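Two complexes, one shared chain (chain A), two partners (chain B, chain C).
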Partner chain A sequence: MTAEQTASAPALEAERLGMRFGRSWALRDCSVSLPAGSVIALVGPNGAGKTTLMHLACGLLRPSEGRVRIFGEEADSGSAEALARVGFVAQEHPLYRRMTVAELLRMGQALNPRFDRKLAEMRLDGLGIPLDRRAGALSGGQQAQVSLALALAKRPMLLVLDEPLANLDPVARRDFTRTLMSAVAEDNVTVLLSSHVIADLEAVCDRLVLLNNGTVRLDGAIEDVLAAHRMISGPREAAADMPGVVRAVHSERHSDLLVRTGVEAELHPIWQEHHVGLEELILAYLEQPAVTR
Partner chain B sequence: MIWFTWRLHRTQVYAGLALIALVAAIFLPYGQAVRGSFSSHGVGACLAHDTGGDPCQTAMIAFVQQYNGIANHLSTWFSPLPGLIGAIVGAGVLGREYEQGTWRLAWTQSVPRGRWLTQRILLVSAGIAAICLTLSLVFTWFRSPMDDVTGRFAPGAFDLEGLSLTGYTLFAFALGVLAGLLMRRTVPAIVVAFAGFMAVRMPVEFWLRQRFQTPATRLSAPTLHHTFGPSAVPTVPGKPGWTLDYQLVNSSGHALTSAEQARLDDQVRTMHDSDAYLRGLGMHLKTVYQPADRFWTFQLIEFSIFAGLALVLLAFAVHQIRRRGI
Partner chain C sequence: MIRFRLDGRSGVPPYLQLVQQVRQALLLGYLRHGDQLPTVKEVVGGLTINPNTVVKAYRQLENEGIVAAKPGQGTFVTAEVEAVAPADYARLRRSLERWVRDARGAGLDEETVTALITTVWNDVRAEGVA
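Here is the complex of A and B:
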């Protein structure tokens, strides 16, 4: 694979990707292509397959069917180069608790070809995290920062973060997001991050992938996705004829509909139109998985 | 990987060195005492002169009774230790990674996880071998006066000297690694690995080992006063081997039936010199034994069994890690 091919390939490309644990499928028939250079939010309820997709992207799992490529190369190829290209911050940001921060950085340097220990030390120093402290003695927010610093110091092309903000207090959450954003600006790294907290994602991400029950429900630039939907409200009897409804909430005479724009004809004036927020949109898709087309 | 493995296992290395220090602190002075007694009883001189006669038998029995019991007890207490140490170290290799979730950190660095596990296993195995061989050296030195009298095949000698101790520990380590991989928990993996270790170790010791090579036989002057077991003292010259069985055989070389044996026991009960009577009947004492010079062959076979099993188990663990990942 030449550098050019790598640069032009999508950061992540899943092709009919499926992962089965025992009898149940955590992920099935998942096809998605994520362009390089974006910050992608991976959203979905618990058990939607977010962690599975991320583990597949990092090569921690081998797909039961289909394939997933990172910058054009199979994620489970098991080569050191493929591993070096992806930085991963796992859920609950696991660290060797008995190692000091400095030792963790030394480990990173020992196990990665392009590890930038100086940069990581500088970043952690800037956050006031003592390098001689054992990881187990750090606060949750500091552990998350150390995990992020380790992943970024690999100089990855793709950074995968599994629920990085869960279990963090609001200040730690803000600090983490800030570090992440400045790293994205400096390193030009593609980021795939999952979270429950939709408000956090909106500030950080420019692209959305919505997973539910192991398949992709929605995928696109957040701007486009928002522009392609709107909330309308009007008389209930007219609601049945409306095309492109994602979710309908009916009261006795009145209906609130989330619809996809561009599907319906000229909107009848009996309908009142509102813009839809990201959170509202995501919730609508999660609550009403059966989308009428 | 060398620094990383050292960092994860250095506490265990320190514990291993402490164990060596403890064993040396106990057994080196004790070994001196044994040597003192060995010369004061004149055991060395007896062994040099064809085990010579009744005074020497008495001296050797006195020496063996003074020390052999304790030495065998010590080794009995020590014998589950390789299994326990190996299981604890082995189960932690993957069990702890799973328990603490650090496998997701470790295997997303740039070292492919198959290589990660292989290198870690090799380095830890080398450490185990170094510590166990040192312990075996201390035990061998401590036991050598006793071994001169009772042989090196008694469990208390054979299981601690040479290569066997190292083989056992490596085998338990491999079981621990695999159990940690399959169970993803450290403590249950230790229990399972230790149980698996004993389930192989005991049958090898009590059933298989004596069959490594076809035993030799020897005919000697008949006696009803032979001693048998780990405290037996030699009655024939040369380094003592491993006696598996004694039988009285008649003049045509056939073993006595149990009826004949019972009748004989009745006849000699009141006799003053029963051995002379047996000689008069043309009987011999047939000894089935493993000669002393087979010690290293047996050590190599024993080591090959356990180290070979360890190799198979570890190769399987690496294969599993590469194939399925988590």
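Here is the complex of A and C:
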């Protein structure tokens, strides 16, 4: 594969991707294409298949069905080149707790061909994290920063982060996100991150993939997704004829509906329209996974 | 240099908030022709925001002819904006004050007043378009 092909290929492309553990499917018929350079939020309830999709993207699992390509190459090819292209920060940012930060960096350098130790040292120094400290003695926020610095020092083209903001206090969360966004600005890395903290996502992510029960429920640029949905309220008898209802809340004579209208749709003036927030939209999809009309 | 803010609850997409803040700063005279906008990296570090959002905002401002990017130097304000003349501003403010007192006297609350202004604004703007 030439460098040019790699540059123009999507960062991640899943085609009817499926993963089965024993008898149950953790992920099924998952087809998404995530453009390079974007910051993608992967959301969904526990057990939706987020971690499975991430592990497949990193080549940690081999798909039961379909395939997933990272910048045009199969994720589970096992080649050193493919592994070097993806950085992964696992849930709870695990580190070898008895090793010092400097030792972790040296190990990273020994294990990864393109590892940029200077860059990692500089970043951690800028955050005031002492390199001679054992990882286990660092605060949760600092441990998260060390994991991120290690993953970024690999110079990955795609960085995958599983619940990076969980268990962090608000200040640590902001600092972590800031480091991550600076890395996107400086290194042009594509980011796929899963999160439960929906409120923090809108300023940080530009694309959304919503998983539920192992399938993709929503996928697109956040702006387009928001523009294609409306929150409307009106008389209950009119609600039955409304197409594209995602979630309906009825009172006696009056209904509130979240509808997928498409961007250009003109609604009958009987409906009062309200703006839909990202959090509201995601929650609506998560609360009523089965309603499609 | 302009400092951006983000309001997570406004419902306005983040990139549009940045665009609006530049437009507003120009109208109010806080930004002038030749002023430099912060670099993408500076905005990202300050706001903890996705750099693609900042790039998108700057591109829109470029398309609107408000700013221009000089390679290797940064993004600069190129628009010449006629700020609202102080006399006009004072006159409009006085007449609005009279109106707001009148509205309060008639029992309108803030929400109703804002809704009324939005409605009238849209009607008048529609006249201009038609």
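Throughout what follows, the second predicted complex is superposed on the first by the 286 of 293 C-alpha atoms of A that agree within 3 Å, B and C clash if a C-alpha of one lies under 4 Å from a C-alpha of the other, contacts with A are read in each partner's own complex, and residues count from 1 in each chain.
To be clear about the criterion, a contact is a pair of C-beta atoms (placed from the backbone, for glycine too) under 8 Å apart; a residue touches a chain by one contact, two chains touch by 3 or more.
These numbers were taken from a predicted model, which means no experiment stands behind them.
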item: Overlay on chain A: chain C relative to chain B, clash or fit; value: fit
item: Touched chain A residues, chain B compared with chain C; value: B
item: Partner chain in contact with A:Ser182 - chain B first, chain C second, else both or neither; value: second
item: Touching partner for A:Glu103 - first (chain B), second (chain C), both, neither; value: first
item: Contacts of A:Asp206 with chain B and chain C, given as first, second, both or neither; value: second
item: Partner chain(s) touched by A:Pro94 [first = chain B, second = chain C, both, neither]; value: first
item: Contacts of A:Met122 with chain B and chain C, given as first, second, both or neither; value: neither
item: First, second, both or neither for A:Gly277, with chain B first and chain C second; value: second
item: Angular separation of chain B and chain C about chain A, which is computed from CA centres of the superposed model and rounded to the nearest 10 °; value: 150
item: Superposed arrangement (fit on chain A Cα atoms) - minimum chain B/chain C Cα distance in Å; value: 25
item: Where chain A meets both chain C and chain B, residue numbers; value: none
item: For the chain A and chain C complex, residues of the former touching the latter; value: 37-39, 174, 177-178, 181-182, 184-186, 199, 202-206, 223, 226, 275, 277
item: For the chain A and chain B complex, residues of the former touching the latter; value: 55, 58-62, 76, 78-81, 83-84, 86-88, 90-92, 94-97, 99, 103, 106-108, 110-113, 147, 150, 154
item: Residue ranges of chain C in contact with chain A within the complex; value: 6, 8-9, 11, 13-14, 40-41, 44-45, 47-53
item: Chain B residues within the chain A interface of the complex; value: 1, 3-4, 7-8, 100-102, 104-105, 107-114, 322-326
